[in-house]
Amino acid sequence: MFLVEKALTGSKSYWRWMLILAAVIATGFVFYLRQLDYGLGITGLNRDVTWGLYIAQFTFFVGVAASAVMVVLPYYLHNFKVFAKITILGEFLAIAAVTMCMLFIFADMGQPARVLNVLLYPTLHSMMFWDMVSLAGYLLLNAVIAWATLTAERNGTAPARWVKPVILLSIPWAVSIHTVTAFLYAGLPGRPLWLTAVLAPRFLASAFASGPALLILLCLLIARVTKTQAPRESIQKIAVIVTYAMVANVFLILMEFFTALYSGVPEHREPFQYMFTGLEGHARLTPWMWTSVILAAISLVLLIVPRYRTNPRLLPIACGIVFVSLWIDKGIGLIVAGFVPSPLGVVPDYVPTLPEVLIVAGIWGVGMFILTVFYKIVIAIRPEPFAGHAGA
Amino acid sequence: MNLSRKAFLRVSCFSLLGAAMRKTAAAFGSTFSRKVQWGMAVDIRKCARRPECTACIDVCDQAHNVPRVPDKRHEVRWIWKDTPEHAFEGEDFRYSSIAKLPVMLMCNHCDDPPCVRVCPTQATWKREDGIVAMDWHRCIGCRYCMAACPYESRSFNWVDPRPYIKTANPEFPTRTKGVVEKCTFCVERISQGREPACVEACPEKALIFGNVMDANSEIRRMLSSRDHVTRKPELGTGPNVFYLL
Amino acid sequence: MRDRPVIYGGLAVFLAVITLPFWRGIESGVTTKGPELARPATARQCVASTEFMKSSHMLLLMEMRDQAVRSGDPWYVGAGHGTYTISLTGTCLEQCHGSKTEFCDRCHDYAGVAPGCWSCHLDAGHSTGSLTAMRSSR
Amino acid sequence: MKRAVYSILTVAGIAVLAGAAARDAAVLRWLAVVVPYAAFATFVLGMSWRVTVWSLSPAPFRIPTVCGQQKALSWIKPDRLESPPDTLAVVGRMALEVLLFRSLFRNTRMTLREGPRLVFGENKFLWLGAMAFHWSLLVILVRHLRLFLEPLPAIVLAAEKLDGFFEVGTPVFYVTDAVVVVGLLYLFQRRLRDPLVRYISLFTDYFALALLAGIAFSGIWMRYFGRVDITGIKEFALGLATFRPVALPAPSDSFFVHLILVSTLAAYFPFSKLVHMGGVFLSPTRNLANNNRARRHVNPWNYPVRVHTYEEWETEFRDKLEAAGLPLERK
């Protein structure tokens, strides 16, 4: 069922890594208990910036989760055989990411004990209800798919016939999770930065760049750590996906820039001003946002020029840059700047506190822990597929 | 299983449709189907006669056990004073005679409140009498309503509020940490046929409370005789707090 | 053979654990007298029978809560056709049962339950006292 | 199938009888005291008797079922938990077994696939169901101590608080209440669904599950639907514990049903498969160190064998051996 025993044996360094993760998780948990006792006042959030690092990280990782579709779709819809062996990695990445998303939401709640109220009083006009439905559904879909295909593979049998339709369902579902997550923000009056129809497409574009970029990094990491290699061709194909998605993402952001800046409507312009030049002397995000922009520009050069993209030394750098750039853009900038200036025209400040950062780190730890366990299982079950086409 | 799923889908489709239809209807001006919609008119000039007066704020905070948190970032407020620049963000009152006058701000008890639309648990909802009410027993503290409210009328209890309540009013509960709160137009007083505490407390009678659906009410007479504005009407929320110029 | 001391030791530990209520009861001199409740502040007619209140007061409170908060109707008609203003502090405590510590807490502590009511609702007897102290009492 | 139905009917019968008995106040008063005492005494004496009998049974040989590398030469890495060489490792293996149901975790399932091909796959659902059920039951037991102890120890309050973390309904909903029911239902249907398991399932297999489910359902009914006077019940429980029984609180049919079902379980426990609670500690395949090759184990009740060594024999026949010219060990 879970093939867990594969994760219970490992080298010294494997156990050391898991121990480090466990320590990070434990630290985060201890600080979460403090937050539970003291209240969300322990974070840097305040009456003007009511959502911060937790929700921003949530948003970013919904994207990472949705990105699994970028390997599933070519394989199942276009019978793109190269991805045969790495779809499972994408699905497990999705499971880990969705789990992180749920933990981020949980960490952000003022009354976590009442979380079941969302189910007890289902409110169909609330996007948060639909986001919960789509995330939980996506987690379930990916868990079922990954389990069914992996068990079948381990047993040397073909997956059951019902698996294929479930996989096909997971494709639009992946799109839906990020669309609904964008709707969380895009439907709010009085938050001009988010009040844009392009938010959902932008979310998808950035997701399909950051998620596959992470997948490439993970594949390369696996190759480094375990001597099992994903076929080079598949990695190159994902790199192409990352390229197109990143181009689309940057294009959409430029559209936003144009609309906001050329129109000059203050409420649309000001959040961008806050992000990139600072507003009324508040410029905490500026260095971050410029870093993101510069990294995005570098990544475009590295990705678009085929010579660089196919260079095995440059590709991981490009992917890392894409990931960091989008992480800053979506995992910090977009959510925080949405609250600046406040509806009353006040320019508030938000700086995450240490407990907040450690809780976030703990959730990252959970995600990495889950991912390590899953990837360990995959590699234990089939060491050969990665090695198989290494020459290509 | 199959059937209930279908039924579920049907229900959800219809309710989405219903919501959409209600919105469309609202767009064509048929919001006024309500018999009662409590509203408030704030006479800015009368209020400004006593620039230092905080009677309404004090009585509200006392009546509802609103904590006075010294840390501005964690402030909780139901009714508060701000500049026209902030109160009417997007409007230009720079050269107006009210440019420097204080403005009392509170929940607008909108016709189509975004906070109600987004709340995932119906912890906040619009009552029959138009008041945007809150159920603090049900609030999960997700703060979605705070992101949705274009007036910053909602406050979150970032910490336990009790240490910041000097003399508590036992008639009214305090809140616990982790829930959102806001002005409720004193539902507890309205049910007893009384006016909101702030209205009663104002020494200048600058706050006029009443049913805006009733053409003969004092507030309607006031609104029909005086120029007035609402906050951010362009967002379509339909505020029911009016500012008499 | 040589394991017998271990086996009997284990058995003894097991027996000691499962007879915990007996010897703990004897040791702490526990009595079967339950908590004593303060008499209602102003003994009038009751909102429901004692029997019902003992087992189901929480349901009644929830019903009242939903009626007052969600339907906006603050009057509750009790079993004796008396009408009550729905207010945990004002009516339940002040008018009928006195104080939280003398009434609610007695049974709740005895039964080991800690309902969250008091993180918001105030104890009439402590309304002007230190709220922080009240919070930490339970 | 028949056996499953009978088991449910038996539990239902006990419950109905208890409910009927509760109609008569005098009978109720009497039974509510006698039955729990009798059941508890049966439980205590029965368990002691079972363990004593086990302790007297001879266990001469080491038969550790191992599935890991035995401790051998220094350069071969031993698997201490799977093949424990000493007491400490045995304690570790026991802990894994008792706390995490290690042997169930290893379950596999054979299926015949197209081909025909026999496939061994893992099957962890039994493990999962067992874990869900047993751990919930433990938390529920600890929680129930709130009715037997005064003043309450912190661990009971903590269990209560943690179990009721989610604020749903009033009295607050316990997560373990749901988990234990799900676990039991899974374990029950597992016996029915699989023809092989169904074939080897006896009445007692179903009965134990049905009885536990009956207890869970009656408890859930009592807490969330039927409603009882909890302080009255605590007074009653403390009365039993201090040997000064008091009367049950007024309407207590549902509590009485719960009480009788629990008493049935307690009395039935030592004489059923449920004694695995104690038995697991005494399973020789789990609790013996695998040190057969390192140490010599002598059967402790071997009778003294008269030994006639070669030396003695040589001395006895020395003359004849010498005469025959045969070589001697000792000159």
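Labels for the chains are A, B, C and D, by order of writing; each one numbers its residues from 1.
Note that in this section a residue touches a chain if its C-beta (ideal position, glycine included) is under 8 Å from a C-beta of that chain, and two chains touch if they have at least 3 such contacts.
Computed from a predicted structure; not experimentally measured.
Colleague: Find the most central chain, measuring centrality by the gap between its CA centroid and the centroid of all protein CA atoms shown.
Modeller: Minimum centroid-to-centroid distance belongs to A.
Colleague: Any idea how many Å lie between the Cα centroids of chain A and chain C?
Modeller: 46
Colleague: Give, as an integer number of Å, the spacing between the C-alpha centres of chain B and chain A.
Modeller: Centre-to-centre distance between chain A and chain B: 37 Å.
Colleague: Which parts of chain B, given as residue numbers and ranges, touch two or more other chains?
Modeller: 160, 176
Colleague: For chain D, jot down the residues that touch at least 2 other chains.
Modeller: If we look for residues of chain D contacting two or more partner chains, we find 167.
Colleague: Hey, what residues on chain C touch two or more of the other chains?
Modeller: 116, in rising order.
Colleague: Looking at which chains touch, is this a line, ring, star, complete or other?
Modeller: Ring.
Colleague: Please list each pair of chains that are touching.
Modeller: A-B, A-D, B-C, C-D
Colleague: Can you list the chain C residues touching chain B in their complex?
Modeller: Touching chain B from chain C are residues 65, 69-70, 72-74, 87-90, 94, 116, 119-124, 127-128, 131-132, 134-135.
Colleague: Where on chain A is chain D touching in the complex?
Modeller: Going through chain A, the ones touching chain D are 1-5, 111, 113-116, 120, 151, 154-157.
Colleague: Over in the complex, which chain B residues touch chain C? Could you list them?
Modeller: 65, 125, 127-129, 133, 135-137, 160, 162-163, 165, 167-171, 173-176, 187-188, 191-192
Colleague: How about chain D: which of its residues touch chain A in the complex?
Modeller: These residues of chain D touch chain A: 105-106, 111, 113-114, 117, 119-125, 128, 165-168.
Colleague: Taking the complex as given, what residues does chain D use to touch chain C?
Modeller: Going through chain D, the ones touching chain C are 43-44, 47-48, 51-52, 54-55, 58-59, 145-152, 156-157, 160-161, 167, 170-172, 227-232, 234-239, 241-242, 244, 246, 249-251, 278, 281-282, 300-301.
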